[in-house]
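Scrolling down, you'll hit the structures one after another.
Shared between the two complexes below is chain A, which has chain B as its partner in the first and chain C in the second.
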Partner chain A sequence: MEKLFVILVEDQPEVLRAIASDLREFEDDFIIEECQSAAEAWDVMKRAEERGGYVVLIVSDHVMPNQTGVEFLTRVHLDGRFRHTRKILLTGLATHQDTIRAINQAAIDQYIEKPWKRDDLVAKARRLITEYILENGFDYQSYQGVLDSAVLLQRMRNNP
Partner chain B sequence: MKSRLVVPEDLEEVRRKYFADPARFQSVKEGEMLLTEGEYNDRLYLILEGAFTGYLRDEQGNNFEVFRSRENMFVGVYSFFSNQHLSYMSIVADQDSRVAYLDRDELPTSPDQFALDFLPVLISEIYSRQLLTQQLNAERHRAMKKLAEAEKMATLGQLAAGLAHELNNAVGILESNTQRLTETMDSYLQDRKWQPIFRKTLEQGWESDTRAIRARRDHLEGKFDLPLKAAKQLARINLDDAEVQELLRLSDSELEAMETITNVAIVLRDMKIAARHAAHVVRSVRDLGSTPAAEPVAITLRQTIDEALTLVKKVTQGISVTVDGTTDAPLTAHAGDFVQVWINLIKNACEAINLAKPTRPTVHIYISETPHHYLVAVTDNGTGISDDVMKKIFEPSFTTKVTGLSFGLGLGLSIVKRIVDRYRGTVLVSSKPGEATFTVRLPKP
Partner chain C sequence: MRKPDSKSVRLVLALMIPILVLSLPLSIFPDAFTVVQQRVVALFLFAALFWILEPVPIYATSMLIIVLELLLISDSSLMWLRSEAINYGREISHREIMATLASPVIMLFLGGFFLAVAATKYRLDTSIAGVLLPRFGRNPKIVLLGLMSMTAFFSMFMSNTATTAMMLSILVPVLGAFAKEDKARVAYVIGIPVAANIGGMGTPIGTPPNAIALKFMVDLPIAFGKWMAFGIPLVLVLLLIAWFSITQLWTIQAKSVELSMPSSVSKSPKALIVYITFVLTILLWITDFLHGMNSYVVALLPVGIFLATGVLNKEDLKLISWDVLWLVSGGIALGLALEQSGLAVTIIDQIPFEDFPASVVLVCACLVGLLMANFMSNTATANLVLPLVAALGTSVSGLGEVGGSAHIILATSLSISLAMSLPISTPPNALAHATGVIQTRDLIKIGLLMGFIGLLLILMLNWILVSTQFLQHS
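Entry: the complex of A and B
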């Protein structure tokens, strides 16, 4: 089976651990990579891609030293290798300007405010992962346990 | 604005011509009134030595200062030259003084010559009074600003105290319940084989460097042929290969139990750290407006620095922090006070470093002593401090952190100064581009 990656980027270790444990239910089917900086995340993604893996979803904090989440996600968006990667910006403090840039330049799929609710984060991640799986022609049946049934159903209705 | 005394070149000439007659010299004792507001005067006085202040009386009968005159300045100018010859203010000697005067009716020269001689004097007189008015105005402006600032701080202080009180209770409950939960769990695990690993996780935490975890995970995955998920969990707990080997003898359900227990331990640890951090923030805000109640104890500054460093570990990540010196600096104090001082200085240092991004980010803390003082110097190789910032650096609510997403209350250095003042010490700052040093100088016990 193909290797599918979920990348988490957050500079504060305790917060990073909290996000990771909230998304633990995806760990059986996806490789969840915790990263403390945008640079580290980029290295992990490049390596995953070089080894034939797929980066399905990124959940990134915004306020981080060196490179902000929006800068990082913009870089991801502009890179052809990660054209289909879904992106969630998870932030407690973004200016109006940052938010506009997140949408226009980084083309994020979801914006989640801190403090986040576990169920909300999981539901949004699940929906984006499902979209990715379907869009890229992976065998959704092998991931059925973690996919969003509403999205699946909708898809089946549209393509009987 | 500096007050400027304008002495025209022709003053000597005027003095020689009009104010040289010792018969018209007069001594004025300190506090004595030379001219009285509203009273007749037809004399022009030149101050030979001493100083005078001009006062006006307001509707409430209060005197307020209008100008000061010193040596080589004139008083009685208005009443002397005006038609009414009435003094418009009272002139009082600030100290024992000597003046020379000129009677209007006994001019030693023709009126035309007199006017010619006195024109520059008059202009200079008007000019210097004008300057003084401006100066007083500026002072008043500054005073008003200070007052507004003080009011702002008082309001902020009240708000902060209220907030601190509310949060203190909440944080206190979180902190003590976390502690209780940890102890309950520990005693539940008593004498079971999981207790050591629970305690180890609790004390050391998980490895927090995600790159290190990843490398270790990949190593364990290859070496022991483990599922990635299990390898990751083991990599986090900082176990060596032998310990991992030992654990692998366990059954699946036992491994699951281990995972649960380490997860619980790490959650408890993170909660404790977060609660302590919150408590610290609350305390710093509250301490802005109060003095500590507990008795000071014997400590060393070195200890307080070490404690501060453990509390700001996250901030100093990626920065090399060294502490050395010639003494541990024993003294009697509230440890928390100095911990707070160092936390603020170290945080500032790290912020300057994060802005400048030097290739080798370093904060160096050096403790030394002189016969009567301890000196603690905190030096960073960050941006350095510009002259503009330097002027305002200790003002409360002055902050450089206003752009983008990082903003501060601007209370850090004013807290530092307050605390150090309380110990009768001083805070010195010196900087050049690419370096800044804050030195705290404290009297030895």
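Entry: the complex of A and C
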């Protein structure tokens, strides 16, 4: 089994806990790291990567002191180590300009508005996680429980 | 088996037994045993345990077999492992071991993969599906039969997995049309993998066990067209039985169903090349008696044409399932070692097979193949069982009444394709199970039924093939 990480970044502790509890069903297969700042998240990701782990998914808030979510995700996007890492921006306070930068510079995969719905967040995370696992050639059968079957069928078609 | 500690337990177990066999003194083996043969025994146990317990992926085990053969028993092995002693035994040429990676059946499959990759890239598969789907009408039972026939047809030329994925991705979004309590949902989703598994029996490139069977049927090589001549009737009969059983087990309540698929048929020059090459290759495959090219040679034509015309480029080369090709190569390498070391003959000599009626040997081989393949990869099962059956046939004379080893190999390889009782039995089953529409117990029901009826049909087919000497006629 590979060591797979899901990184949550959110400066408000109670919101961070809420995201983590919504994503609890992924706990059996993933190491879910709760980080209160972009700097802390970066540190965790760097260490995970150095120990042979894979950062599968980042769920990040935008408005945070020091480094914003979009700045942080841009940095992740430009780093070859996290080339395949999927990125969700979870925010209620991004300006139009922020949103444009989130797409053009950070190449986020999903934008979710606060307040979010649990089912929606889980479904989106599931899809992105499935894409990551299949793209990286991990044995999908051992992650059967967390995979999105529509993505699975779509990807398996192209593997004749 | 998801905990890392269970993986290490399996790894230790799978390594311990072969190492134990390697370290035994040669004297405890039967008389004529050589050092090389002892190593082949260890290698075979290694292969069996690794393929069954899967401490590493199955294609990795195949490659390990080739590497270990080169290190332990080749004519270019580690010098400290070799000896001039009389009981050292016959070394195997490293060229022959390496050549298993490019043996003719591997080329046959490579050709099949090229056709499948091109068909997917230029949407030939979805185009055909889009054209055929509306023609099945609206009667839900007939539509199901149509879907299953289409699945079986595609899986004769594409991998069973890709076919299942394609059909399910068409199907799952429209299941909502059925009422929640209507068993039609189960019937439709279970019909696809069952049809895909069955369809694989239709052609030599339908599924990897067929290729392995061809490789070991040395005394009775059969052409592509000949395989289809008995394969397709078998597929048709099994398909009808499967369809009938499914509609009996899961009653469809809906009175009408409408399936359609938006498809645009590509008419670009490259797509035309794909259509023409596809038809041409299949025609050449079944008309070898007219032009003299065997199916292995024909298989490389699409490879040449698609690369030269840019239909497929270097990015598409990465889509070829090299893992499947190498998985098969490992099995061929294992068979090579068994045969060339003389181990096959030595072992068979120890067991009084003459005392068994030939039909018992046939039924046992088919049952073992079917049983094993329900729990592990079909290809790995074929890799393990078929070389043993081949060895059995060449050294046991009493098998004539069931047609000799070639017929047993054929029947066994077909039986392996009948394994579909569990989600883990085949990747198509796993994909269907992953949709969440069907339960394990649904697969067990239809899988046991198809396994039992299919086995009887295969035995009957074998009897017909033997009594008409069908395989012997050229």
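Here is the rule we use: the second predicted complex is superposed on the first by the 159 of 160 C-alpha atoms of A that agree within 3 Å, B and C clash if a C-alpha of one lies under 4 Å from a C-alpha of the other, contacts with A are read in each partner's own complex, and residues count from 1 in each chain.
Everything below uses one rule, namely that a residue touches a chain if its C-beta (ideal position, glycine included) is under 8 Å from a C-beta of that chain, and two chains touch if they have at least 3 such contacts.
Only a predicted model underlies this, so the values are computations on that prediction, with no experimental measurement involved.
Chemist: Mind telling me which of the two, chain B or chain C, contacts the most residues of chain A?
Modeler: Counting residues of chain A touched by each partner, the higher count goes to B.
Chemist: Now for A:139: first (chain B), second (chain C), both, or neither, which partner does it touch?
Modeler: A:139 sits against chain C, while chain B stays out of touch.
Chemist: Tell me which partner A:95 touches in the superposition: chain B (first), chain C (second), both or neither.
Modeler: first
Chemist: Under the stated touch criterion, which partner chain does A:16 make contact with: chain B (first), chain C (second), both, or neither?
Modeler: Touch partner of A:16: chain B, not chain C.
Chemist: So in the superposed three-chain picture, is A:40 touching just chain B, just chain C, both, or none of them (first/second/both/neither)?
Modeler: first
Chemist: State whether A:152 touches chain B only (first), chain C only (second), both chains, or neither.
Modeler: second
Chemist: Applying the document's contact rule, which stretches of chain C touch chain A when the two form their complex?
Modeler: Residues 1-2, 4, 7, 57, 113, 116-117, 119-120, 158-159, 161-162, 164-166, 168-169, 172-173, 319, 321, 424, 427, 430-431, 434-436.
Chemist: For a test of understanding, state which residues of chain A touch chain C in their complex under the given definition.
Modeler: Within the complex, chain A touches chain C at residues 1, 139, 141-142, 144, 147, 149-150, 152-160.
Chemist: Give the list of chain A residues in touch with chain B in this complex.
Modeler: Contacts found on chain A: 12-14, 16-18, 21, 27-28, 31, 33-36, 40, 44, 62-63, 65-66, 93-95, 98.
Chemist: Chain A touches which residues of chain B in the complex?
Modeler: It is residues 206, 208-211, 213-214, 228-229, 263, 266-267, 270, 273-274, 314, 354, 357, 404-406 of chain B that touch chain A.
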